[in-house]
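Chain lettering (A, B, C, D and E) follows the sequence in which the chains are written, and residue indices restart at 1 in each chain.
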Amino acid sequence: MKYAYYPGCSLHSTSREYDMSAKEVSTRLGIELIEAPDWVCCGATPAHVTMHVLSQALPVKSLINAKQTGADTMAVCCAACFSRLKIANYHVLNDPGKKAKINRAVGAEYNGEVAVKHLLEILAKDFGLENLKGKMTAKLDGLKVACYYGCLLVRPRKIMQFDDEENPTIMDAVVETTGAKTVDWPGKVECCGASFSITKTGVVLRLCRDILQLASDAGAECIAVACPLCQSNLDLRQPEVNKKYDKKFDMPVLYFTQILGLAMGIDWKKLGLDKHIVSPLKFLKGKNIIK
Amino acid sequence: MKIGVFVCHCGTNISAVIDVQKVVNDLAKMPGVFAMDYKFMCSDPGQNMIISEIKQKKLDAVIVAACSPCLHELTFRNTLIRGGLNPYMLEIANIREQDSWVHTDRDKATEKAVRLAKMAVAKAKRNQPLFPQEVSVEKSCLVIGGGIAGIQAAIDISSAGYQTVIVEKEPSIGGKMAMFDKTFPTLDCSACILTPKMVQASQSKKVKIYTYSEVEEIGGYVGNFNARIRVKARSVNMEKCTGCGICWQKCPVKVNSEFEQNLGPRKAVYVPFAQAVPNVPVIDCVNCTYYRSKRQNPESKGLCRICEKFCPAGAIEFDQKDKIIEEKFGAVIVATGFSAFDHKVYGEYGAGRYKDVVTALQFERLLNSSGPTQGKILRPSDSKEARTIVFVQCVGSRDESKGVPYCSRVCCMYTAKQALLLKEHIPDANAYVFYIDIRAAGKNYEEFIERVQDEYGVLYLRGRVSKIYRTGDGALLVRGADTLSGTQVEISADMVVLATGLVSNPETVKLGQMIGIPYDKNRFFTESHPKLAPAETQTAGVFICGACQFPKDIPDSVAQAGAAASKVLGLFSQEHLMLEPVLACVNQKICNGCFHCRAVCPYNAIDEEILKDKSVVARVIESKCHGCGNCISACPVSAVDLKGYTNEQILEQLQSLR
Amino acid sequence: MISEMKKFIISKNELKKILAGIVAENIKLIAPVSRDNAFFLEEVSDAEKIAWDYSNVVKPVKEHIFPMREVLLDFGRGTDPPALDEPEARSSGKEKNPAGNMPPVKEQVIFGLRPCDARSLLVLDKPFLQEKYVDSYYKERREKTTLIAMACLNPEKTCLCSSFENGGPFSSAGSDVLCVQTGQDEFLVEILSEKGEKIFKNPSFAQPSGEVLKKLENLKADSEAKICKALKVPENLRELFEAGTWETESLSCIACGICRYLSATCYCFNITDEFEQRLRYWIPCSFKNYTKMTSGEISREKKSARFKHWYFHKFSYHKDNFGEYLCVGCGRCIKYCPVKIDFTEVLGKIGNSKQEQ
Amino acid sequence: MEEKKEKNGFEPRLVGILCRWCSYQGADLAGTSRLKYEPNMTVLRVPCSARMSPLFLMKGLTSDIDGILFSGCHPGDCHYISGNMNARRRFVIFKKLLEFAGMEPERIQMSWCSASEDKKWADIVDSVTIEVKKTGPNNKFK
Amino acid sequence: MKELIDKAKELLKEKKVETVIGYREIRGCVVPAYVDSPCDADCLIFDKRCVYNLANYLKWFKNKNVALVLKGCDAKSINVWLQEFQIKRENIFIIGVECYGVMNEKSADAGLSDKCGHCEAHVPNIYDAVIKHQGDKKESVQGEPFKDIQEFEKLPHDERWDFWKKQFEKCIKCYACREICPMCYCKECIVERNIPQWIMSSPSVKGNFEWNMVRAFHLAGRCVECGECERACPVNIPLMKLNKKLIKEMKELFDYSAGQKEDVKSAIDDFYPEKDIKIDDKMIR
């Protein structure tokens, strides 16, 4: 189980806890993540708006470097990076015209031989849910989690082929291996406002309010996410949402890798649980999941 | 042999691309061929010109180089008859659909036209006069499907005095129309206008109705179809039962009723709806405790049998078996109707997880006074009254990604009607309709829509619904766009009605292959010509009407049913039927009696005959042969030949291309 | 007649050189060629391809004088030239051959045929070149053909050429030149006609020495000794027409066309029109359709009748019309018969059957 | 005729033998929807693909036709129930035989084309024409 | 061959059959024999040289009852005849002979003919009596049956065409291959038809190509590989190469080999539902 690992810029900065928990969980499960040598920015959402070829050349550059690790699959945690790499591979495999342009821009021959997988797919499909359940030492059966997928993971369906784009269930299955209960709620793939968080914060506040409202209506105690941008919008903006719409949301927003880490008995400092705005520590102590 | 070649300009359809004059000159060079051209060969002056040429030049065969034979082969055959020639001395070169319309290069198209005409001449040289074969006509018609279309066709045919048989899959005729509450645009109650028709059909001496039965096999050809119908066991004796209803009152088993679209219960012994014709119940073997216990251990006496005890007429017969009926028919009308689109494929509308997201048919049952809620509009989840209802149009229509690219034509109208009825039931309820385009193209349809919007205040929002989900308080949040005002719209509704489209009946493919009629990629039966023959199919003697040909509303179905009936009556009015003389015939001097031909004949139209010298040879049964030519390719010594398409003719056609 | 008997000795290479000279003069050279271990007389472009060690070719030499398939005349109307084997068949040019509008036939020299085949042409000349009915096609090809025969050093056990008066493995009847391979690389060539003389123009070759002539006699004697089969036709063949033995003898015959086609002297043919041409081609009397009349009636329908007809035409009717048997004893009909019927034995059995009556 | 062909490139002479109920109607539909395709193929109408005896294939190829296409209904849609199935079996056997004897496989083709597949018909004609043009003129029997 | 002779005598004595068709030897080579009376049944023999397929003679004994001495490969022809209603089973008495290979007349060393290389019908699959094999029961070498065909298929198509063109040029249309083949029993062969003229009757390359293609096609699923046609051909055209190609195709595509059972439909008339036809769909667009 050897994968080239593409952390992406946010996992090295604002959402370091996602990187820490992902690495901890993987090493504990025996999944070897070798960081792709001198990977570059994946271009995220702004790149394909400015220059199409650039938005695909950047991920291809990293995919070519990933070949040096000897693994034939690149593991990705961040939803935006996952989407960009997957789309680049799709164009290289299916559109000879674009492939020629990309190869010319990158200056090397790349035919889409490196596959791209999200950590969720690796855990659920390659590693297998049963083995995952076996690895869980502490049962979190008191915890009620709402799994939030966001939009980049599941769409566009033809290219991502990740899960059912209306009602995805892969994260629910992974989280349920820890014994926690996941709630069925309609906000799984609602938009969180993404990068409007900086330019039009009002929009993000309104959208996050809806999501948090739907989650709490469904009886969830915390939200599991797989994308740093969704996490920051829901977590960072939660106090402002409370202020603007005089709500009393106190909903911790955790990465699914952190939840897995807790269930595997990893110390919460190693999982970066102290880096959240809405601190989950009090809540987890209440549930005596952590001391 | 004197051959006349008549090249048509077809206005400019042909002459625009093909140099007709050059074709005429090239053809005239051939020995024994007279060629000329005319602007509209199929027009009356054109045909009269052909007739005069035949008489003047004493032609033996006629070649018409014009449009496709599928269009005007019949017209020109009649022209030959009027000109005194045998109609089968005609050959048609298709230089329009397969030449001028599909090619641009002028001289290549002209060269092809010359080749096609020369090929037709080569075939015509070896044409023999053929005389259609007379065959008796069985004066009775089989109608498959007992919906409004089937019933109307049966009534029209029986009123002309001919025997008709309706075969209906469900326990009662009436089809989907029986489920409706009111009909648009006149709002007269669906049952009130349907029940008299059903009664008229059941009481007519000329109409025999087999309900709860299916057609298993249809063989034969126009005028002489033979069908095998399986009447499934109802476990109730039709003669004895008076329809008093005690049995289904007493029956302890409650099951979801398909007729009520799973909104209301029915018993194991049931009649689908009150005005069912025949008003005789059916025992549902799957759920009836007696039959279930019999299946567990067949020897036991079986449990329950309450209905048998209480039946005053003693009509319950548990050991009733399926009956197979073989009958001969002269014509077949297929009226198998439509089925509603399964909306569960739409994840964004909840994929069937929310009880309060109902289909239009379910809402129709809610509106119906004889429905599960006796006409009160209650939410299926908590049966509270629904005061805000959102109607979503084009669910399973005009949606390429869901494989339903066509518009189902009727949803806009029935949604408007349902919205109107909702406002009549609950005047202060508010109804929203999300639509793309309102299609109201019938008589008084547009006015009906205007009335619904102005008089009843139904709010029409032009845009698609992007998501429906249940909010905490149990209401349904419908999020959509209103493109006219350019804003996003969110409505918290009590109930959402999806205007599901009309798709084809699942058995279309099986039925189509059984009868031998084609169907298109949406699995609707293909009519013989979209504009000129919508009620006929390519197979002679088989007609189609109603939604099985394409989604249509009740007026169109009834009209098409009348059309199909009139075609059948046209068929029955002839004493004998002229059968295509294109049949196989065996040259018994050469036949070795190896019977490869019988082995491949799909209609086993070949049997043995013993000649004087005691050798056994093959013989073609003229009435059974359809003229497909399978036996000719199978015969090693080509002792068989097909009149009209003989081996010699086809070889000559190939040689003419040298 | 040629001036005087010309005999001389020639080596194999010189012989090949002369043959090459013939080809150079744009005369068609036909010589035995080996194909899938069978030998055929075919047009040869270079002398190297000629096969030397063969007993006899499969198809008799009549194939080149009276071809299996010959276009008598062409009445095409200028449509595409129909697909034909001889590309120059269609005469676009002015000169026409005497009979139809086909182009004239090229000069040809046939080398390496056996004496029996050469004699067969003599036999065929009678029916084809009768004064009243001259077959112009046959006549044209016959005149333009020079025959260089090769004497048989070791005849096969199916040969019976010596049972005919001017027959025999060394007979020079019918050929223009007779070669005998006296040594490994030494051929005794004997010129028999002007045509032959035209081929061997400069007689600068050595005259045969006495010792060579003696070797010739021995070879001739050995060769004739090797022939073990003889033809004995019963005199009263005509009365034996009704004999029952014909029935039993014909049982194993499968009525194919081999003995008819490969016989050196059978000459029946059929004429049909195909693809705007009048064709003449061989047809065996063993086929049922040979005697099919327009009414569809077939006179010799039974296999035994067709079997018997072949014998009577060769050994009875032809003798009455032209005074000799229609056979040269090449033995091909015995060698190639799929069910190994030997006509000499059949004739023997028919002859004995007379005693039993 | 001969020189003209060589001058502007080889124009293959093709024959399409179409079954009357499905393929011919598909070809007509291609006409009504004004699709454009190569003009080399001349169409011959027969009642069913079963009527196309493989011997027509042989007679066609021996009379200077460069390519022959049989086209019938899809399996199961045949108007005569099983005509297309028998036609397929005979065609496949005869094609293997002709290929074995050295005939280029592109010269003999079969296709299923139903009454509503006009686009498919246009593509079939174009691709057959290109393939036969690539294999060159049929001068095996010249 | 005493057993064979006794059997023949017994049949003739009891008048069960009118004639027994077998093999006999005259002047050193084996020819078909017709035995009418028990006394001259002694001439019957069976050994390596009996190559003829005697089933072929049923063409002239159609409704007479006859006994036939048949090897394994010849007996398969009877199955095909029954399949095509040409004879009644009760009319013929089959004396099956266990055979371990017959001579190949055309090869110089007179070794076994190559059909016997992969023969799996040492004992006929249809018979009324069986004559055991005397000599050594040398199991015939189980060579790969279609190796030469596969090699020939690999050649480019114009090379294949040249090969066949040269072969067809030799054909003199003597129709020995038709007359010797038991499967060609037609009253009037397709070659003799002139309305329409399917096959040019005159021997030209085109006519010979057409004739050989039609003959081979008519043997698809019917040829029992007895090899008689190749033996009878005076100009040595490898006819069995064409027939073996079709036998290979019928086996591969439709898993059908000729002459196994007499009550089954012959493969050329039959078709299976989609799933088990191995037709390479590249062949049909």
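Assume a residue touches a chain if its C-beta (ideal position, glycine included) is under 8 Å from a C-beta of that chain, and two chains touch if they have at least 3 such contacts.
Fair warning: this is a prediction, and the values are worked out from it, not measured in the lab.
Looking at the partners of chain A and chain D together, the chains they share are B.
Taking the mean of all protein Cα atoms as the centre, the chain whose own Cα mean lies nearest is D. Of all chain pairs, the one linked by the largest number of contacting C-beta pairs is B-D. Distance between chain A and chain B, defined via averaged C-alpha coordinates, is recorded as 52 Å.
A separation of 74 Å divides the Cα centre of chain A from that of chain E.
Chain centres here are Cα averages; for chain D and chain E they lie 35 Å apart. Separating the CA-averaged centres of chain B and chain C is a span of 75 Å. Among the residues of chain A, none is in touch with two or more other chains.
Along chain B, residues 589, 600, 634, 638, 647, 651, 658 each make contact with two or more other chains. Residues of chain D found to touch two or more other chains are 54-55, 59, 62-64, 82, 86, 90, 141. Touching chain E in their complex are the following residues of chain C: 35-38, 40, 58-59, 68-69, 83-85, 248, 251-252, 254-258, 260-262, 270, 272, 274, 279, 281-282, 284, 287, 289, 303, 336, 338-342, 345. Chain contact summary for the complex, chain B toward chain A: residues 347-348, 351, 467, 469-472, 477.
Taken together, the chain A residues at the contact with chain B in this complex read 164-167, 186-187, 190, 213-214, 217-218.
Chain contact summary for the complex, chain B toward chain D: residues 68-70, 94, 96-99, 101-105, 108-109, 111-112, 115-116, 119, 513, 516, 518, 520-521, 526, 538-539, 582, 600, 602-603, 626-630, 632-634, 638, 642, 645, 647, 650-651, 653-655, 657-658. Per the touch definition, chain E reaches chain C in the complex via residues 26-27, 29, 31-34, 52, 56-57, 60, 106, 166, 170, 172-176, 178-180, 188, 192, 194, 197, 200-206, 228, 231-232, 234-236, 238.
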